[in-house]
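In this document, chain identifiers A, B and C correspond to the written order of the chains, with residue numbering beginning at 1 in each.
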């Protein structure tokens, strides 16, 4: 990719980039289909069940059937809904989730944009989805949706702050916001990766990331036992599928980001494992992060909204700031000195 | 933190444990003998005493008798016997009061149907429902052989 | 010009967390509840009125359907009332069987509560953990009386079925199994900090309020009032067994949670003794007239159902059908306090408090 990205933009490589984007989109869609299956399987296993097993071997086509069903469903828009916003919201939610995938380097060569402000780009784009969720909740003209949308707005804005601050420590250690450089700067052995020196940052990042994803235990915007289905109560069919898609693509993005920032990206855990291609390590690490999210969902009750906000501002934010200071002091004492 | 990590441990342990769900539609469920499923009706045993229809808490049993075709014998024989499974709560009282065990429970329980009409079972259907018939129809508990007054 | 309005929100009758068809009309200011009115009656089947045209044996299947998570205790309260009116002696073996099924039922009922309560709080797994273990009890019942939910097991004067061979041993095996599972439950949920934050200090009331509102069962004991009919007004053969009545201190959702878990332990303790003392032979049906006609008069009996004090009031005119039958359903009484508890709480707490009360709509609406 480096070669192509360094060339001046011409019709030829514009076409190539488009083709790559489409291929990548298909890969992401495939990932979403099987992430959902995997989630349901893991949830099942953790609850003494087998999970989906009716359709295809090992339930392989269950999600495919579910997606088909969503596609064939009647497209309903409530009469009192704000039509334009109701239609825009799912697309607006999904688009940035795919756009953020561009800056994540999957191997040394495979990346779609070599951005030197990748971290900021990620944080900025993912905030757009919040607007979409609030819009969707408001446009539905349903009280549960409204509550869900408002919760989501409050939650995602609050957790954006510790999320970005927790990355600052990593950025300081590397001296770059380029995700590729951040991976390059991590050592060969797994204990040289960022998650150990940045253990506070890593913890804060994980918690804030789960919250940004609106997943259990922070799934308040949906909170099916309280708000029925939260912001997408009125959505069905393909529009609902888009919200769902966005959620799972964000999961992909967060898993990628966590692997790149803290878990050494495409690097093998030990130098002698170098013969296995980097993409495998990247996929393994992302799969582990995604599994961790499912695992949390199978275990945790839901946090209450006021405790959630309190946790963001009173615990995570001070911790993240502390981490920045500790990193600064550490860098001054051990690296420079 | 400690509690949460313990919880994560429990779910992880469960993930590798043996699963407990039944493979129900693939393998039929084996119900214990006393299971109260759809009734089997044996017209030859019935003496048209009407006790089942009277004890039924939901009045889902309707039956009519006719004079015994064999002029030698007295009494009645059963003519029609219908159970409406829209109403039937499978409470076991009809089999409990039946003096001749003409109506007994079976272990069949699959009553789902596409139409309500299909839930209206007549004498013939109930007679042919003759698989998995309950062996032990011990009626010790039946307090009211006389039925409702 | 910005103005703020109160949001009128119908929680239910179709809502994931109302445990059936309860509807609560809440007035919300943001997420804070200003006013809450429970609306009941969506599951009303007129059991008490229907009973007036049925004889006593026919009413038993109807009692199954009141508190459908605890059909055995409902069976019992009716039989107990009729037996008391007619002075029927219940044989020893039948008494033991009744006690064993009632205690198993209490465990099953508390397990369902445990699972659904955690589901309300957003944890998915406990629900299936609880149902996995409840399945064992339900299987035991299935073997005993041929049904998994609506047992119709007890009869006036005894029980319908004697225990099948080996059944008592299965109950004996179940006790250590359940004790082991309870440890898992504690590790999965009781120590979880998120859970503790959700339930500690939520839905608090004191003993005076609880008595004034007529609460019973765990909802009363969580305030520290030691009142358990199994101890204070022993029925069946509860006076022969040793068990503790756990009480709480704070009267919040957390205490109610702990009490229910502890009650499962105490029930196991009773079961353990009952299985050991179980008579090896004997009748399961007492001497009962062919037609049950309680003498003219009335009677009221009460027992400790899993949800609280379950009462049965029979007015008889000496006929085979009751003149009037009234059930004092614990869920119905416990629910009445809800509007008072909910004011000033948030939507999330609504779910936590409502779940903590432990209602079954079949019983509330009767």
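Note that a contact is a pair of C-beta atoms (placed from the backbone, for glycine too) under 8 Å apart; a residue touches a chain by one contact, two chains touch by 3 or more.
This one's a predicted model, so the numbers in the text were calculated from it and none came from an experiment.
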Self-check item: Geometric centre: closest chain by C-alpha means
Solution: C
Practice problem: Mind naming the chain pair that shares the most C-beta pairs in contact? | Solution: B-C
Quiz item: So, what's the distance in Å between the C-alpha centres of chain C and chain A?
Solution: 44
Self-check item: Mean-CA-position distance for chain B and chain A (Å)
Solution: 54
Practice problem: Report the inter-chain centroid distance for chain B and chain C in whole angstrom, where each centroid is the mean of the CA atoms. | Solution: 27
Self-check item: Junction residues of chain A - those touching two or more other chains
Solution: 46-49, 298-300
Quiz item: Which residues of chain C are in contact with two or more other chains?
Solution: 125, 129, 132, 188-189, 192, 194-195
Practice problem: Could you list the positions in chain B whose residues touch two or more of the other chains? | Solution: 4, 7, 10-11, 14, 20
Exercise. Within their complex, state which residues of chain B touch chain C.
Key: 1-4, 6-7, 9-11, 14, 20, 31-36, 55-57, 89-93, 96, 105, 134, 138, 140-146, 148-149
Quiz item: Which positions of chain A touch chain B when the two form their complex?
Solution: 42, 45-50, 295-296, 298-300
Self-check item: Contact set on chain A toward chain C in their complex
Solution: 43, 46-49, 143-144, 146-147, 151, 216-217, 219, 223-228, 297-307
Self-check item: Parts of chain C lying in touch with chain B, wherever the complex brings them together
Solution: 54-55, 57-62, 64, 125, 129, 132, 135, 142-147, 150, 152, 155-162, 164, 184, 187-196, 284-285, 288, 290-292, 320
Quiz item: If you look only at chain B, which of its residues touch chain A in the complex?
Solution: 4, 7-8, 10-12, 14-17, 19-21
